[in-house]
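There are two complexes below, and they share chain A, which is joined by chain B in the first and by chain C in the second.
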Partner chain A sequence: MLIVDLLLALAALVTAGQCLLLPGLFRAVANLMAFGLVMALIWVRLEAPDVALAEAAIGAGITGALLLTAAGQLPASQRTLQSMASGATRWKIFIFVMVVLITGSLWMTVLALPKPGLVAEVAVVLPDSGAEHAVTAILLNLRGIDTLLEVAVMLCAVAAIWSLQKAIPPPALGDAYPGLPTLARWLHPLFLLTFSYFLWQGTHAPGGAFPAAAVLGAGGVLLLLTGSIVWMHQGAYNLLLRWLLAAGLLFFLATALSGLLMTGTLYGLPPRFASTFIIAIEVATALSIALMLMTFYLFGRPGRRL
Partner chain B sequence: MRELLGAGFIILGIPFFIASTLGLLRFPDVYARLHALTKADNVGLGLICLGLAVQANSIAVALKIVLIWGLILLASSTGATLIASSALRHGSAPRRRSDKDTHADR
Partner chain C sequence: MRFVFTDMALTSDALYTLLGALLVAMALVSVFTARHLIRRLLALNILSSAVFLLLVVTARTSSGIDPVPHALVLTGIVVSVSTTAVVLALYLRRYRRNPPC
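Our next item is the complex of A and B:
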């Protein structure tokens, strides 16, 4: 297996290098997607299948397709990156020093971590956390504030995309490419099944809100791009869309505050209700994240401005 | 016995992947490359999935592996159709037999 690990590490380095060094935006994006897939395989080798799934779906799939669309919208003159070979030696030295500094400080942090990790501490509080699986307990209860901020970052990304331009309606594919809308519609039940499975699995095994949302979001993006979801583009549903997008974050925040009221600490979920809270937060955040991933593919602000 | 049978199927599947990769690298235009990729990969992947399914510990795992093969068949055939029809509309025309073979002297 050492050979497989070495090949994976080599492939990650090669795709990352090609992404940075080869000229042309298209090549860079294609290599970035390949890099995401290699990273997903590396996560599988590290026995973190939930991270692998999120990396493959979000890192390679959703980000890659967004970047491809952005590259396609650029005028042809801007699609080749300008090389910074001439007169940039000072910058190169600066960048080199920065890379060494950041790598060094990251390495120092890794060395300073407690050696056996926090596994024992987590195992002690696991019965009170409301989840049977340590990762879910950490994500949604013990370090819930981190997850809350991650969802907030994604909401900010939606706001940034909406502030750039108006939404681009999907092209009418029906006559030219009849296979794609049919495939998207036929496969969607399977996406829903996988989503529910990951959510249910999250309480006792690797899985949970983020991988589930990645799967549902991917299926939704497929439907959206083939023009099967019309309501997201209509002004009448704009307010509803905004509330649905914010719902996961608001619900998360409400549980955090109710924890403050009931136990005196922010996020202190009382152990008796913790498992109910965790399931509710998981469903709400997963649905909101899936909707946010789909909203990225409106490529802008839908409908009329309210 | 099952181990051996599974390994046999997997080894049988590998040449298809090698052949389709060669085709992707050496064939002259989009359509021929798609032909090589989709046809050969589907058979190769089918054989490898069959090998893994034979080695699986339970029927459920075996069925899941076969399901993966079916899903990839659906996705790759739809993707190949999309790429081919998009290339036909916006890109190059397929090579005809009468066209000069530019790769003949390589």
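Our next item is the complex of A and C:
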């Protein structure tokens, strides 16, 4: 199986190198998406299926589409990406030496690191956490505070984007590609099905809130970019949109505080109700994250009302 | 030094560690030397992937797969896409053809 590893490492290196070195904005973005897919395969090889699912949907899909949408809005003068190879020979030698130096020192350091791990500790508390799958238990119960702050970071990102400018309307594709909006609408049930499957699977197998949110977000982005979601741009729905965006974080906070009331520690879920709480948080955060991923594509605040 | 090289029968862990280190180096140099801002953003994305790779390799301990770094990486992927979105919105605010506001 070392051959597979070698090929995957080579593919990741080539796509990353092309993304960083070659001229052309579109080529660089396409290479980044290919790199994301290769990374997803590498996660499978490293026995991290949760990470693979999230990387395939977010790293390759959502990030790539975000970059391509932004690139389409740029004037021609900004679309030319210079080749990195231009420059004096002395400068190139300096860069080469830097790369070798950083690689060598990092490689030796990471290989020599002790790997204590928390396998035994997690296995002890897993029965009381309310989820059978360790990654879900860590994300939503044992280290729930991390996920809470992460949802807060996403909400801050949405707020930062909204404060910059008005939303950029999606390009009118209907005339050039009449089949595209219909295709996006027909594919959407498939996205919904995958979303529900990942959510249901999350408590006992790889899956859970993040991959589910990424899949639902990707389907929503398709609809948004083909102009099928009109309500998000209308001022009348602006308040509703804001509450929906904040709902995941608010619900998460409410759970953390109810844990404080019931057991005396913040986010200390009582083992009896833990599984119910985990499913509720999973659904709420997944829906909220999917909606936030979609609003990233507006690149600004929607609606006429401020 | 000897410890490193006795351990080095090129296992897949060592290979992926090398890949992660190489990607970190390339991306780090690009972040500091690239002229175009979008290129820096791409380099930042590759840098985060490389760091995640090093984290996941560290999660493979002798007593099994440690789930804590996996959860960390999942959180990190979502945070890095948020960063990308904010940077792109800032960039469009500056360079878009007809600024919307």
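The working rule: the second predicted complex is superposed on the first by the 264 of 306 C-alpha atoms of A that agree within 3 Å, B and C clash if a C-alpha of one lies under 4 Å from a C-alpha of the other, contacts with A are read in each partner's own complex, and residues count from 1 in each chain.
Operating definition for what follows: a residue touches a chain if its C-beta (ideal position, glycine included) is under 8 Å from a C-beta of that chain, and two chains touch if they have at least 3 such contacts.
All values derive from a computational prediction rather than experimental measurement.
Asks: With the two structures laid over each other on chain A, which partner does A:L187 touch: chain B (first), chain C (second), both, or neither?
Replies: It touches chain B, and chain C stays clear.
Asks: Per the overlay, which chain contacts more chain A residues, chain B or chain C?
Replies: Looking at chain B versus chain C, the one contacting more residues of chain A is C.
Asks: Once chain A of both complexes is superposed, is A:G179 in touch with chain B (first), chain C (second), both, or neither?
Replies: first
Asks: Contacts for A:A70 in the overlay, against chain B (first) and chain C (second): which applies, first, second, both or neither?
Replies: second
Asks: Can you name the residues of chain C that touch chain A in the complex?
Replies: Touching chain A from chain C are residues 3-4, 7-8, 10, 12, 14-30, 33-36, 38-39, 41-43, 45-46, 49, 52-54, 56-68, 70-75, 77-86, 88-93, 95-97, 99-101.
Asks: Which residues, counting only chain A, touch chain C once they are in their complex?
Replies: 1-2, 5-6, 9, 12-13, 16-17, 19-20, 25, 28-29, 32, 35-36, 39, 42-43, 45-48, 50-51, 54-55, 58-59, 62-63, 66-67, 70-71, 73-75, 78, 81-82, 84, 95, 98-104, 106-108, 110-113, 115-120, 122, 134-135, 137-139, 143, 146-147, 150, 153-154, 157, 160-161, 164-168, 210, 289, 293, 296, 299-300
Asks: With touch defined as at the start, can you tell me which chain B residues reach chain A in the complex?
Replies: 71, 74-75, 78, 81-82, 85-86, 89
Asks: Can you list the residues on chain A that touch chain B in the complex?
Replies: Those in contact with chain B are residues 176-177, 179-180, 183, 187, 190.
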